[in-house]
Each structure stands twice: as structure tokens, then as C-alpha cells.
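I have a structure I would like to understand better, so I am pasting it below and will then ask my questions one at a time.
By letter and in written order, the chains are A, B, C, D and E; residue numbering begins at 1 in each of them.
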Amino acid sequence: MQLPRINRLTKLIGIKNPKAKAGMPPGTLIFMGDKLTEKSQVDLISYNSGDIIEFCSKSSEDVLEQLSPDRVNWVNIDGLHNVKLIEEIGEHFKLHPLLMEDVLNTEHRPKAEEYEHQIFFTLKTLYNLTDVDITYEQISFVLGKDYLLSFQEKEGDLFEGFRDRLRQTGPGKNRARSRSADYLFYRLVDTIVDSYYIILEKVGERIDVLEDEVYDEPTKKTLHDIQQLKRELIFLRKTVYPLREALSKITKGEYHLIKKDTLPFFSDVYDHTIHVIETLETYRDLVTNLTDMYMTSISNKMNEVMKVLTIMATIFIPLTFIAGVYGMNFQHMPELNWKYGYPAVWGIMIATSIAMIIYFKRKKWL
Amino acid sequence: MQLPRINRLTKLIGIKNPKAKAGMPPGTLIFMGDKLTEKSQVDLISYNSGDIIEFCSKSSEDVLEQLSPDRVNWVNIDGLHNVKLIEEIGEHFKLHPLLMEDVLNTEHRPKAEEYEHQIFFTLKTLYNLTDVDITYEQISFVLGKDYLLSFQEKEGDLFEGFRDRLRQTGPGKNRARSRSADYLFYRLVDTIVDSYYIILEKVGERIDVLEDEVYDEPTKKTLHDIQQLKRELIFLRKTVYPLREALSKITKGEYHLIKKDTLPFFSDVYDHTIHVIETLETYRDLVTNLTDMYMTSISNKMNEVMKVLTIMATIFIPLTFIAGVYGMNFQHMPELNWKYGYPAVWGIMIATSIAMIIYFKRKKWL
Amino acid sequence: MQLPRINRLTKLIGIKNPKAKAGMPPGTLIFMGDKLTEKSQVDLISYNSGDIIEFCSKSSEDVLEQLSPDRVNWVNIDGLHNVKLIEEIGEHFKLHPLLMEDVLNTEHRPKAEEYEHQIFFTLKTLYNLTDVDITYEQISFVLGKDYLLSFQEKEGDLFEGFRDRLRQTGPGKNRARSRSADYLFYRLVDTIVDSYYIILEKVGERIDVLEDEVYDEPTKKTLHDIQQLKRELIFLRKTVYPLREALSKITKGEYHLIKKDTLPFFSDVYDHTIHVIETLETYRDLVTNLTDMYMTSISNKMNEVMKVLTIMATIFIPLTFIAGVYGMNFQHMPELNWKYGYPAVWGIMIATSIAMIIYFKRKKWL
Amino acid sequence: MQLPRINRLTKLIGIKNPKAKAGMPPGTLIFMGDKLTEKSQVDLISYNSGDIIEFCSKSSEDVLEQLSPDRVNWVNIDGLHNVKLIEEIGEHFKLHPLLMEDVLNTEHRPKAEEYEHQIFFTLKTLYNLTDVDITYEQISFVLGKDYLLSFQEKEGDLFEGFRDRLRQTGPGKNRARSRSADYLFYRLVDTIVDSYYIILEKVGERIDVLEDEVYDEPTKKTLHDIQQLKRELIFLRKTVYPLREALSKITKGEYHLIKKDTLPFFSDVYDHTIHVIETLETYRDLVTNLTDMYMTSISNKMNEVMKVLTIMATIFIPLTFIAGVYGMNFQHMPELNWKYGYPAVWGIMIATSIAMIIYFKRKKWL
Amino acid sequence: MQLPRINRLTKLIGIKNPKAKAGMPPGTLIFMGDKLTEKSQVDLISYNSGDIIEFCSKSSEDVLEQLSPDRVNWVNIDGLHNVKLIEEIGEHFKLHPLLMEDVLNTEHRPKAEEYEHQIFFTLKTLYNLTDVDITYEQISFVLGKDYLLSFQEKEGDLFEGFRDRLRQTGPGKNRARSRSADYLFYRLVDTIVDSYYIILEKVGERIDVLEDEVYDEPTKKTLHDIQQLKRELIFLRKTVYPLREALSKITKGEYHLIKKDTLPFFSDVYDHTIHVIETLETYRDLVTNLTDMYMTSISNKMNEVMKVLTIMATIFIPLTFIAGVYGMNFQHMPELNWKYGYPAVWGIMIATSIAMIIYFKRKKWL
């Protein structure tokens, strides 16, 4: 059976095309990733507890004009391949060249870094479009005093539900809008970490299915699926594990841009991240178990095959020998002339068979 | 043989239905767990060294009226699905929204967290209703200056024996009632951790039984049971391990709500938790051993099967060949006309067999 | 072959009968262990550099009267099942209820704990009565300013040699008696740790024997013995490992009851403990190796069995076929009438066999 | 099949010829490595934001004369076997004897060490000349106040692109030249670490190819390649892992020669190093998986071989027995004289075969 | 094949004869080791930058008289079994009883310990007399203000080359003699650690040889050699690993007897020790690989054996059956009378064989 190829490693591992950068000075902005979309746009959501303004454009200038210092300004950029756009925004907010470089390198591991007037935070969103493949998208955040920049590889994100909440007006519905930019930052990170649970659930279901298969009818396909799953867990771990460290830095409360009453919320996200990591570890143990089970299952089967062969051979080989003896053509073979020679031989043969069967019963092979 | 299905992973691992929460602001109270009971109720035990008052109601208001500040007030809530009830209690005691959320999420890992006027503590009770399945119930505690809240998923708990002690009156019998709320908190946590030993004992007995099976008559069922046990140890570990960290936080004496003379008691619970964890690690090693043993046992059996086959085949194949030779129909085969040809052939056959048997004896196959 | 049962796990692991304690308040004294002896007694050795007084009684009162504050008072209690006796002594020395509880729980892990006026220290003595089974006895020490309490499960201990030294009188022989209670404490702990080496030596000898067996003639018994050894190492490790931490606490010099010039002696015991632990780790690696060796040995044997089968079958199956051909009864088979048909067939058969044998020689199967 | 030898271990591991040094005092300069080139030369690039001077000679004196204290002086030495040359430079810059020794020992692990007026830093460049073999070259740096020494084993390096940038003149193109020597140091280390990604990519591609082979047609060659890869990962890890620690020392900001605004750049290199290490760990897991897969693949194949044998034997052995029975020469065998005896036997034989085939279908062996 | 016995474990592991010590007070001097030599002697090298005096005697008194306080006095003792000699030297230098005990216990793990006026340091020299066996000798150092004591188990050491350097006189050749006792101490430790590389190199060569064997012609001997190597690595690791900690203590600069300008030299030895340990870890990985390879190699071979058997059996079993059919003696077998019956059967047989061979070619078994 021709099995589907496992996802190419070089794509998954995130080490593409570093040569392009060789010799370039740090801070040279080059998009290092797959171009996932043609479009690129900037949109702004600017709010305070009173109202909310939304604005969207393909040009950074238009959007940057709309920023107002007393409100929370959420600038979202879709499409990192538009380096010029990113550069203009970077210049406006005075982003450090290394920060800009990290935004454009979509294969960065999750991390948090404090700059003089900003916090940089990058992590991965996981999408599980089909049941099997997991797609990774990098999202980077830059938190300033009254703004939050979010850089996404392509349009479409997990934040639509939250945007709807922000848009709600009316008495008692402005709670989400009454807090500062660090709370907005928390809400977006929280949404992403929560979405990891959906992936965990799907992976858990696949482990369940594979466990049943291994117990019932393990095929080569089963092994292939176990291996595929093992790989995915390795990459999931690689994606989520550094997030723990990044969030830990924030929860320690050393970043002055994160207000004290927002800290417990980040502790909460941190707890969820630990939970996700522990679950991944548990999955890993379970999938390792699965491989062992598969091996044992194959050994058990081979044992069974051997038993059938041995039983058949052990019963019939002596019988065939007896038949062979009386098929010899010696002139002087007295038994051949006995009247009951033939039935006697049958008797011997049947007795031998029964003895064998009893022996195998005793050995619990039957 | 059709083996019983292993418990569904997604249920055990505690990652159900996170989608329901997506987009909800933190602090939105949703019960995230299985509804284990229909009932929900609040009961209060309020005591000091002098007397004890008990009160039980389905309404939180009735109970909250009975609280008196100079006594230890133990408010126990059964049935987390009654979100409104939880919410009323939360408001009365001014619980932080994230604390409330953790109470309602029955899939939380054990943890201790200090809030301004409270300590939040959550852990799992383990029940071993049948011999095989372990059931997890989450219990959360909120310790305040003169009160302890305990949130349980369903009615019925391990604390009945302790309640009886509290109720004892008479001279010299009020020792349990003469201490403050943090001591009450300790007693309940201690009771839960002590109950883990019952689970450990049952698991130990099952390992004993499986070891005997593996040595004597390993079947496919044995392997299934070993795997089931391995899984359970993985989940037990996941349940107990974070408790160590949570208790460690308390024993460090940084929480001002835990009085200095209660600290040694928490050190004691901490020691027990370490003991439980070490025992789980030992079990893990033993069960890994079991799997190795099972594999070796199968290999040994296959070896034995192969030996029987080889002995039978090796003895009879040459004999059958000899019989075949003298079954040929050549016109000129002098041996066929020899008078003692037939007995001579028998002689050769028997001699060959004996030679083989001696060879096998030397090889220690027989 | 019916192999002897491996020691029951629940006995070894030390998690017996915790139910008896459920609901009891901490400090309720219950003996939790196996009653190893019927007797119970208290003996006192009270000495200074000048003289030594010994006293032994079944009643604690008699002994406690003999204590004198200016001397080193070593109170040794045999038989923990006599709870009343322990309780009286505990009350006299004002021992903390949790300390008392730990003394009576013979399944405690080694630990050191400082109380206001005492240091509590508990560890295991290992006896190797037969060559195979290791017996664990718990010894707890309570060190006070001028006294040392030692609690043993049963009479008979490793300290007899040291007692003889204490009893020696005459010039220059009072060195052991000229130091304070913490030195006495050190000497007893040192004696116990030294005795671990005897166990290590016996275990080492058993590994040697098993290695020879695995190389020469591995049987099912060998595997059983390896497993037994593996288990014992797991339990030994569990017994000795926490001792490291306990001694480390003492060597840090934070306990004021341990004088500064006794500290180097405790460092020395600590070094020995590390050595014991490292040796146990080495043993563990070696025994894991043994299991691998056993598996390889079985595979090698199976390979050999398969080769014999294959050689026999491969040589004789074609020959039997040839014989079968000329055993057919077709009327028109010209070869049958050839004069040299029969010798020719023999020639073909012999040539085939030789070809096969050469082939196997080339393959290095012969 | 004769497989190519795996690279000799003693060469890879870097423990050659230590005997040569025995008895020599520390600081005796001996070149310990393979002489990779015949040539040896010193070249100097001296620049400030205004201009750039380049100078190259075989004699150290010529070059050292050209140094000017107010500029950044980059002295690059190719060919470590010219000990005299190294010694002269060492004397001029007052290098510590141990530093000199480390420069000449090409088998040193990456490390950073601060001396009074210099920072010493050594690491490996990896070249992947063919697709399979990785070549290691050691580069050592000595950073002083206004100079950077770089010691290379042979001519030719990764810095040519950067040299071209330095040489660029014209307005706005002197950015690279406007910073101090520590920035130059960073740029060179950064270039080397970036080049590791090319190796990672090639290794990733080889894992991909091997995974396909293992799934499709694993041969002995595949196993050989997996082992070769495993070895290379072991050595890569050994090469890169200590770099983490070395860079960590620099990023902590304790070295006064690294200016504060250069630190973020070193943090960036540090992040890349962590990424490289994590990727190596992932590769390790994947290659371990590959070996498991290979083993399972072999077991599966053996199983298949066994099944074919068992099916053939089990079908034909009974048939051959039946044929043998009616080949016996008894005088009284009534069946032989039956008119439809022969077709009846064929009927029995065919029925038996069909029964067997149905049995195997049920067992899913066919 | 009778393989040579692996070195006895109890000898290697260093846990001999602890019983002899039981009951002895600490500080009782007993030699605990194997008596490797009959001789015992003390030699003194006393030098300053001006001159050097050497003196050798069997009596400690003679030597101790020669000590002069203003010079570096290196007192070397060969033969630890001469307890009296050791004791006299110990008394003269006022060594702590525990230090004396550690000197005499040749099974001590490497360690550094600071006493009031001395530093005690013990480690192992490794000799590789034959190619296979590694011999361990313990060397202990006691560093004082102006003296260094070195205790060796037997005469003959690695320091002869260094002694020759010390003896060199003439201008510019007294560099080695111009430094203080801590530098002497460093030089001796450095010499020992450097000698570890010779062992590493030999072990590396053996791994190379075994790798070739495993790929080409693995025999039972190969497995035995791998196991032997594995054991040796376990013991090497046990010997070298604690040295890291011991040297780390010195390099921290807390020992006042080690002067500040000697510290970099100890850092250098520390680096070498880390290198040795990392190389041992790499070897461990490689030898583990070897075992896996061996197992796979055996599986591959078994597979090949099985294939030959299956091919032979599968081709000939049906042919033998056909021959058997026409060997039956039924009266009515029309084929027997056909003119071309016999050639037709041959035709069928050949066709069947060819079909089989094509089938096996497709399966890639041939």
C-alpha cells in the first residue's frame, strides 16, 4: 500500500532559506516565511469606555493619522510579505531593528522581550483545518503605552468574537472597553492559548481511535498514523514549550507596561499554558505506549502464526513419514501382506495425531 | 477475544468543550465539567471551642445570614452546576472573578493562589468505586480570615468522620474546635491526601496480581490490563504531581492567613504528598518492568514453539527422505531385493533419530 | 517450573492500612507497622568522660528517673507497638505530636526535621538475613541538648560494638565518652550508613552471578532473578535517596544542636551516602544491561534454532522431491528403465546436498 | 554489500595526541590539530566611520605596525600551525599563556572567558562540503578595547560578504563602520551561527529522505545511513551545546568590553543558538523514531515471510499426507480399487484446501 | 565458546570489606584497599627558584627533618598499606582524623575538602596497561601553606616528566620552581587529567573496531565486548564525574590556599574535566547505539534465514505434493496411462517453480 507522504520536515521545522540573509546587516528587513496571502492591510480599532472607532486601509499612513493618544489603539497588520508597510509602521512607533526582524521571521520561537518603550511578544496560532494536519501561523504583538500592534501572516483570525464584544454599546456593556492596552493584549493572548485546547481535543480523539485500532486490527496504516502523530506532538511541544518561559517573564511583574491588576490575568494564561504542556507530555507518554503496544501486537501475531505452522507440521510430518514407509518397494515387507495392515496403520496415525493434540492442549497452544 | 474499551481519553484528560468559552470575557461564569448530580446545596458548620451550629439549605441567602464573624465558619457547597448559587456566594465573599472561574472549571490542575484576603486551593479527591476505575472529583477551598469555603462537584465526601469529631461535646473533646480556620483547612486537605493511600494500595495489589500473571500465564488480557494500569498511573501522576508545588507554596510560610503554628501540619501533608509521588514513580518503574517481562515472556514462548517445530522437522524430514528413496520405482534398485533391506532401513532410521535426539540434548533443547 | 513468588508489593512499598487513621486528628498515636516483636523495653546509657551507667526496664518511669542533666543520656526504646510507653516518653521530653506520629509510622521516608528544642531524624536499617531478602527496620532519633532518644521496631541492633567501646574504661579509652550528645547521634547514624555497604556488596555479588548465568545458560529462573533484583534496587533507592536530603540539611550547619566541630563528621556520613546512592545508580545501569543481554541472548538462541531448521529443511526438501518424482507411477517414465538411473539419482541428490552445504558455509551458517 | 566506513571516531571526537603535551608546562605553545593548510598569513582591516585600510602579510611585524589606537583594528590570522606567528601576536597584545594555549588547541569546546583586558571566545564553523560529511573548523576571537583578533585554522571563511559591506563607501553606507569593536565581534559570531542553519536544513532533508526509505523499502543501507546521521547529530550537539553557555555569559552584561547597546544583538544570537539546539533535539527525537520504525518494519516483514511459509505449509502438508497414504503398498487397501477413488481423493484434497483458505481469510492472513 | 569472565564487580565498584571497620571509632586508621606493592617509601622534593633538593627514605622521620619552611616541600608517599608511616606524617602535619581516614580508603570518590590549614583533594589515576583493562589508582593530595603531600598506592607515577623539568637548572629554566605550592598542586592534577585523554583515545579506538564488527560480522564475542565496554564506561563515568564538582569548588576561589593567579590554571583543568565528561557521555550514546545496531543486525539475519527457508519450502512443497499425487496406487488414474503424462507433470512442476520465483522477485525476497 502506498501511504501518503508525511509533511516535509524542512517546512515544519522552520529553518528555510537562511542563506538569503547571509551577509546582510542586522536590521535589514527581509520577509522570511511563506507568503500565505496576496493581500496586505492595516486595520485600526481605537476605543475608550465611551466609544469605538474602526478604520481599515492598505496604506499605513491613512491609519497612523487616526491614532489618538488618550484611547486604546489596536493596530492590526495582515500580511507580513509587505515589508514596506511593516517598515513604515515600525518607523512610526520607533521599533528597534531587531524587533522588526523578529516580526518578519515567521519561524521564530515564542518569546517575550522588553524594549525601552515596548514589550514584544510572539507566539503561534494553531489551526486544525482538516482532522489531521495542523497549520501554524505566527502572531507578534508589540505593546506600547496606549497602543497594541498585532502582526499576522494572513487575514482571518480568532479575534472576531472579541471584536464583537468591543463593538457592543449600551449601559453595562463597555466593560471590555474600560481597561487599558495591556488588558487588550492579555485578551488576545488568552484567546490564542484557549484555542490550543481545540487542537488538544482533536489529538486526544485520534489517540483514542489509534488505541482501538492497535488492540483490534493493527495494520501498517496504523503504524504510519502513530508515527505521524508522534511527529506532530514533537512539533506541538516545540511550539508551546517556549511560551511558558515567555509568559513567565510577564507574570513576574517586572515589565512596567503590564499594570498590577492585569497580572492575575496573565497568571491565569500561564496556568493554562502549563496545563497544555502537561497534557502534551501525557500524550507523548500515551503515544510511546501505543508504539510499544503495536510492537507487542505484532509479536503476538507472529507467535500465533508460528503456532499454527508448528501444530500443522508437528501433526502431519510423522504421519507423512509413516505413509512414506509403507510406500517403499522392498520385496520383503511383511506388514504389507497383513490382512489388517492398512487399518492398523490408520490406527497408529490417528493415535499419533490425538497424542499430539493432547500435547498441544497441555501447552495451551490450542 | 473482544476486550473492554479503555476509558475515553478526552474524558480523562480534562480538555472538554473549551469552545463554549471562546470569546467570553474572563470572569464569565460557566460550569465546565460533567454534571455529576442533580442536587445542589449549601451547608454551614459554624463553631468555636464552646459550641457548634449546623445549617443546610438550597438557598445561599439563608446560609449567609447565619455567618458570625467570631467563629470558624465552614461553608460547604455541593453541586457546581448551580452557577447562580456559586455566584451569590462569590459576591458575598468578594471572590476574584478568576478565582470563581477556577472553581467552576473542574478540570483545573491542583494549585494554591493567594488573593488579597483569601487563599485559593484546589485539588482532586480520588474514589475507587470498583476495583479498577478511579474517579476524580475536584474540591476547591477558599480560606478567609474566619471562614473556609469548600466547593464540591457532588454531595457525599470524605469529611464525615471529621464532622463527627467536631460535633463531639464534653470536657476535653473540643480540641478540634479550639483552633482557627486555617487548621480546619489543613484537616480537610490532610484527609484527602490520606485517602490517596487507599488508591495506592489498590494499585499495588493490581501490580502484584499482574506480576503473577506475567510469570505464569500471560495472555492478551494481561497486556491489556498492564496498559490500562500504565494509563491510570499517567493520570494519577498528572493529578498528584502539581499538588506538591501547591503545598510547597503554603509551607514556605509566606501566606499570612496560615498561622505559624499550623505550618508544621502543612509540612506533614507535604511530606505525605512527596511519599505518594515517590510511590507513584516506583509503581511506574514496576509497570514498565512488567511490560518488558511480558515481551520477554512472549519471546520465550516463541522460542519454545520454534524448538518443537525444529525438533519434529529435523527428526522426521531425513526419515521421510529415506522412505521416499525406497519408494522410487527404478527397475534396478538392488537394495529392494535384499532380504534384510527393510529391517536395515528401519535400523538406519532409528539410528538417525537417536543421533538427532542426542544432538538436541547436547544443545539443551530437550 | 513454578517459581517462588516475589515479595508482596503492598508489604514492601509501605502503604499499609492507612484507613485506620482516617478521621483521627493529627497527633492521635497509632502504631502503623508490623509488630516485629512481642517485647518492648527502654534502656538508658548515661555517660560522661568519667563513667558510664546502664539501666534497663519495661517501664518508662524507672528509666526517666535516672536521667541526669550534665551527662549524655542515650535512651533507647525497642518495640514501637507499645504506644503507651512511647507516649510517656514523648510527654516527658515534650515531643511535638507530629514528631510522635512520625516515630510510630514505620513507613516514613528518611527525613530530618528541626523542632524548637529537638532534632528529629529517621532512617532505615537494612538487614540481609538470607542472601536474597532484604529486611527494612525503621530507626528514629530525637536529639536534645543532653540526650538522644532512639526508637527501634524490635530489640537487637547494629550498635552493640559501639556500646562496648563506650563501656571501656582505663586511661586514654574514654575518648568516645568525652564528646556531647550530637557526636553520639553521629556515631549511630554512621554505623547504620556503613552497614549499607554490606548490602551493596551482597547485591554486587548477585549481579556478578547473574551476569555469568546470562552469558552461559540463561534460563527462565535467571530472568526471574534479574527481575527480583531490579525490584530490590528500586526499593533500596527509595530507602536511601531521601537520606541524602536529610543529611544535607544537617551538614549545612543550620541546626544549633549540632556543634561546629561535629559537622565534619556529618559531612563524612553525607559523602558515604552519596557513594551508596551512586553505587545504586551504577547497579541499576548494570541490571538494565542484564535484561538487554538476556533479550539478546534469547534472540541469538532463536536465530540458532532457526538456522538448524532451515539447514535441515533446505537440504532435504529438494531431495525428498526428487525421490517423490521417481516414485510416480506413470507408465512412460524412461529414466526408470535406465540401467544406471538409480545411481544417477543418488548422484544428483549428493551433488545437491553438497551445493547446499557450500552455500551455508559461505553464509557462515555452518 | 560492503558499506563505506563511518568516519573514524578518534578524529571526530577531538582527543588526538594529548601525549605530545605530557610533561610540558602550561603555556608551552604547541599546535594541537590537523594542519589543514600550508599557508599562514595575517591580514588587518582597520576602519572607522570615515575610511577603511586593508593590509595583508606573512609577517606579524608588518601588520602590527599598521595598528592605530583610535580605529577598529580587525587582525585575522589564517593557519594555526605557524606557532611562531601566533606567539608574536600574542606577545604584542599581551595574551595570557592559557589563552594562547586554547587558541592552538583546535579541539576545544566553545567557551567565553574574560581576561583582564580581553574577552576570549572560541567556537566552531561548520562546513557541509558534500551532502553527507560535516567539517568542523575552529575559530577563536580575542576582543580588546579597539581591536579584534580572529584565529582561523585555514584561509577562506564566511566573512567575505561582511567584508564587502565594510568596504562600501559613500553617504549612508558607513553604518557598519560607525560602531566599535564589540559590534564587529557580534557580526562575526552572528554570521557563524546563521551558517548553522544551512547545516540544519541539509540534515533535515536527509531525515526526510530516510523517512521515505524506511516506509517504502528499508535496506541495510538505510540502517547504515540512519546510524551515520545519529552519530552526526551527537557530534553536532556536542559542538553547539556549549555555545549556549558561552553566549549566555556575554548576554548577562557582566563583561565591560561589551557595550550596553550591543547587548541586544548578542541576545539575538543567543536566541538563534537556542533555536539551533532545540532543532537538534527535535532531530534527535525524529532519528530515534526512525530507528524504531526500521525495527518495526523488519518485524512486519518477518511476519509476512512467516505467513507465506505457514500458508503454503499448512495447505500442502495435509495434501501431501493424503497422497502419501494412497501411495502405500498394502495388499488390502479397498479404496484403491474403487472406481471413483481417485476423483474422490482429489475432491477431499480440494475441499481441504478451500477450508484452509477460508480459515486464513478469517484470520486476515490473506 | 567459553568467553573470558568480565572483571568481578565487587572489585571494581569499590565496596570491599567494610565490615572490618564496623564498630571502630572514626579516625581509627585502617588501610582499606588492595595492597598493590610491597614497598613503601617517602620522598621529598624541596625547591625554590634557586635550587632543588631531593631526598628519599623508608622512614618518615628522616624526611620530615629535611623540610624547610621557606621553600616548596613536596612530600610524596608510596604505599598506603604502611599505616604507621602515614600516621607519623599525619601527626607531623596535624592532619584531621577524617582526612587521614579518607587517604587510607582507596575507594573514595574524588572530592575536595577544605580544613583549617589544608586542602584535601583526592582523585583517581587511570592506567591502561593492556588494551582492554583499565586500572584505577587513587592519589590524594594535601596542600598546606608551603608543602604538598601526595599519597599514592604504589611506586611509579605520571609525574616523572614534571620532576625532570623541576630539576633543570640554568638561566631561564627555573620558571617551574619560581611558583608556590598551589601551582605545584595544579601541575600534578593537570598531569593526571591530561592522562585521561589517553584512556579516552583507546576507548574511542575500541568503539571504532566494534562498530566495524557490528556492521560486518557480529558474533557473540562482539556482544560480549560491547557489554564489557559499556561496563567500563559506567565505571569511568563514576570515577570522573565527581571530579567536576571537586574542581568546581576550587575554581570558585573560596579556598584561601589557592592564590588568585593560580585560579585560571584550575579553570583550565576544570574545562578539560568537562571535556572528558562530555566525551564519556558521547561514548555512552555511541555504545548504546552499538547495542541497538547489534540487535537490528540479528533481526536482519533471522529475517534472511527465514526467507531462505520460506523460499525453499514454498517452491518444493507443492512440487512434492504433485509427485505424491502421481505416486498413488489407485487402479483408475487415467493420467498415468497418458503417453505424455510424465513430461506434462514436469511441465506443470517447472511452471509452478517459475511462478513462485517471479512472486519472490516481486516481493524483493530474491
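Things worth noting here:
Quick note on the criterion: contacts are C-beta pairs under 8 Å (C-beta built on N, C-alpha and C of every residue); 3 or more make two chains touch, one makes a residue touch a chain.
All figures in this text were calculated on a predicted structure; none of them were measured in a lab.
At the interface between subunit A and subunit B, two copies of one sequence, fewer than half of the residue numbers in use are shared by both copies.
Centre-to-centre spacing of subunit A and subunit D amounts to 27 Å, using the average Cα coordinate of each chain. A straight line joining the Cα centres of subunit A and subunit E is 43 Å long.
Along subunit E, residues 295, 299, 302, 306, 309, 313, 317, 320, 324, 327-329, 333 each make contact with two or more other chains.
If touching chains are joined by edges, the resulting network of the protein chains shown is one closed cycle, each chain touching exactly two neighbours. With the ring opened at subunit C and read toward subunit E, the chains come in the order C, E, D, A, B. Residues 3, 5-6, 8-10, 13, 15-16, 18-19, 21-23, 25-26, 96, 98, 101, 108-109, 111, 113, 217, 220, 223-224, 227, 230-231, 234-235, 238, 291, 294-295, 298-299, 301-302, 305-306, 308-309, 312-313, 316-317, 319-320, 323-324, 326-329, 333, 335-342, 345 of subunit D are the ones touching subunit E in the complex. Of all the residues in subunit D, the ones that touch subunit A in their complex are 158, 160-162, 164-165, 175-176, 187, 190-191, 194-195, 197-198, 200-201, 204-205, 207-208, 211-212, 215, 264-265, 267-268, 271, 274-275, 278-279, 282, 285-286, 289, 292-293, 295-296, 299-300, 302-303, 306-307, 309-310, 313-314, 317-318, 320-321, 324-325, 327-333, 364-365.
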